[in-house]
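Take a look at the structure below.
Naming follows writing order (A, B and C), and every chain is counted from residue 1.
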Amino acid sequence: MTRGALLRFGLLLAAIVALPLAVRPVVASEIWIFAIAGMALNLIFGYTGMLSFGQATFFGLAAYTAGLMMIHWHAPLLVVLAAGTVVGALAAAAIGYVCIQRVGTYFIMLTFGFNQMFFFIAYKWTAVTGGDDGLPGIPRPPLALGPLAIRLDSSLRYYVFVAAVFLLAFYAMKRIVDSPLGVIFQSIRENPGRAAAVGYDVKRYKWIAFTIAGGFTGFAGVLYSMMFGIVPLESISWIISGDIVFMVLIGGIGNLYGPLLGAAAFKWLSEAISVVWERWPLILGVALVLVVLFLRGGLVEAFRRLRDALGPRARPEPGAKLPVGIAAETEAGS
Amino acid sequence: MNTSLLAGAVLNGMVTGMLYALMGVGLSLILGLLNIPNFAHGVLYALGAYVMISGAKAFGFLGGLLTAIVAVAMLGAAIEYFGVRRLYRVHPDYILLLSFGLSLILTESIILVWGPVGITFQPPALLTGAIDLGVTAYPKYRLVVMVVTTVLVLGCYLFVTRTRYGAIIRAGIEDKEMAAALGINIRRVFTLTFAAGTGLAGLGGALMSPVRGLLPTMGIDILPFAFVVVVLGGLGSLPGAILAGLLVGVVQSLMTAIWAPGADASVFALMTLGIIARPQGLLGQR
Amino acid sequence: MSDGALLRTERLTCDFGALRAVNRVSLDVRAGTLHSVIGPNGSGKTTLFNLMCGEIVPTDGRVYFEGRDVTGLPSHRLPHLGLARSFQRTNVFGKLTAYENVWAAAFARRTPGALGFLRRASEFSEVDEEARRLLGEVGLAHKLTARAETLSHGQQRALEVGVTLASSPRLLLLDEPTQGLAPEATQQMTRLVQSLVGRYTILLIEHKMRIVMSISDRISVMAFGELIAEGTPDEVRENRDVQRAYLGARR
């Protein structure tokens, strides 16, 4: 690991430890949950160049699935996590297959349209989902590791669990991005025509990216379902889809840490401001407009500019083993 | 189901359908030129309605309508000039995100100015009451709205396809650089087209305010349907938007009469089926 | 298959509505040769490439590579069959580094099974070596970590060729590699192309006549979408039709 990477990871661990001291554990858990969903969107938007405005479809479908499994079958924790991930991935595979036939605007509107369709189904199918009232009575099963059964009842305990699985998800995402898929996805973003001309089946790789993202988002959805003991209708609404887009954008697209910063900033801001002012989405809108116009690299870019202002960067030594994907690490997507 | 109900549902569908067509046409113009779905389109529709009722208090019904159109169109022009314009060279996705941010700002602003509660608005005295159409009685105002929106939509279509300025717009959509090279002030075209597209949304909102009432979320509520109309009709196709608008309106209305819970979902199912069966939309190219 | 036509087109035709951009072009490219396609602007040369490479589906006619009918195959299949092309307008991965550009192209020919994707990209040492070697060959060894969009035009043209070579093809289709290059860079590129002769079969689109005449084994001349002449450089130089097509522009 390079020194920079080590430093960043150290900061991440420090943040995980310090966060429940700075905000309520519930908020802290939400940050890591949405960070996972944000990483998923980052994979398809930041790396592959596909803006999906419908990630809540997978978030919500997984949440409802997990909730129903826990209520009706008393399914154990690890099983619902797996099931939600699979549901998210399968739904993404199916929906993605249709959406990927189109690019750009069409693609965005299709993801949005599918999200709306599932939202309306969830809204009206009150027998299953509880409709507007949400799906209540979700337990928080203990974590069964062999003979041990760790209870996760308190919000602090749940936070520790969420943070731990977040680290697993983060590691998984990092491996994906460091694998050849990282470069392939980016080449598709940069120049799909050339990516095809050098031999990549672009549609297939886009589909792979979308499916992987669906799985991660589903995973996050399951964690969310156990947060409040209820799956709110909002979990599948385009509000969450929009929130996830926000976080990735405000944090910094195309950078692995961007969604984390974005989730933290978003959640912290919404917590802090919403108690003071009910119209806090206005601030969010203003923040988004400012970022889009003046700081498209998000917080990551802001920090980078700050760091550059404080001193010049070390250049990578020539001849050193080049990590592929260094473009993503150093000058991501700006 | 008796014929009166059916006729009522179909008529409702046509009223809504022409509204959707109006929204679709405005969105299509902007989509064609900017290649981006304008997420603020919904909230501009809402703004049209709200400005309308305030304007109507001061200037009467027609005055209110006029105020609404002008206000929203000017806002649209300002958005294009100060915001969207900066992003042409960057990437279309950012224009979308800008419009999304604006939709939040404007929705919250509506609540700040007019309050979070729903408002009802009466049509002008001249147009209240219903007309007996034989098969059913139908509100006068809605019929008028249907006629007016149809005229508007057709007018737009004719403007874009038959007039010189419409040709300029189409040229700009086809090939911006070429159009600019030919001496057309493409920037002005963009601003004006954006203003026209958004103005249509505002007008739609203003016209529909007596029909549907006002809610701060009315913009968010209608936006997905406007998108469906444009996608189903074929991106950039005005006749497609008109056709799709009618189709969506009627389907939604009929489903509401037959099986209300499935009404909204059926619209999106229709879009999905449409895209799978005919990827370029009903009347789109490619 | 070694001595026959590596690439053959039969009456390849492409219509854009009423415009016939390519009209019944039949040509053979023999293995091991450098075969140039020349012609005035708009004569359909790039369109011909696009037809061969699956970017456009021909209205009529066939394309055979190594005896196999590849007409209308999607473009991503071709590098795997042994055919790669470069583009007249530089067509690389802008925000990726030169190294990543070539790495991505090289990896495409070496995609492992699903499990292979579990490895980090940097662990594929053969791809790494290949990328470095190719960048050295095109003269960009000192620009490994530079983003492609920051390269000068000449460097980008070199990268363009590098990305094409990374597909380890048997047949290279090079579309005006010297496009927009100043004289010195043009010489460098010409030397590069010459160094490729023998190792690759090359189909070259070029405008600069001196280059074409000096390095080609065979030349096909197009005008208005049709093949009007074909032969050795000497034969083509003497050909009246060719002279007429160029309106007396001889270099």
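Operating definition for what follows: a residue touches a chain if its C-beta (ideal position, glycine included) is under 8 Å from a C-beta of that chain, and two chains touch if they have at least 3 such contacts.
All values derive from a computational prediction rather than experimental measurement.
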Q | Reference chain C; chain at largest CA-centroid distance | A | B
Q) Among all chains, which one's averaged Cα position is nearest the averaged Cα position of every protein chain shown? A) A
Q) If you average the Cα atoms of chain A and of chain B to get two centres, how far apart are those centres in Å? A) 32
Q) Using CA atom averages as chain centres, what separation in Å is found between chain A and chain C? A) 41
Q. Using the average of all C-alpha atoms in each chain as its centre, how far is it in Å between chain B and chain C?
A. 49
(Q) Touching residues of chain C toward chain A in the complex: what are they? (A) 53, 55, 74-80, 84-85, 87, 91-97, 99-101, 103-105, 107-109, 111, 117-122, 124, 128, 144-145, 147, 163, 166-167
Q | Residues of chain A touching chain C in the complex | A | 175, 178-184, 186-187, 190-191, 193-202, 316, 318, 321-327, 331, 333
(Q) Quick check on the complex: what are the chain A residues that touch chain B? (A) 45, 51, 98, 101-102, 104-106, 108-110, 112-114, 116-117, 120-121, 123-125, 238, 242, 245, 249, 279, 281-282, 284-289, 292-293, 296
Q: Give every residue of chain B touching chain A within the complex, in rising order.
A: 31, 35-37, 83, 86-87, 90, 92-94, 96-98, 100-109, 111-112, 224, 227-228, 230-231, 235, 261-262, 264-265, 268-269, 271-272, 275-276, 279
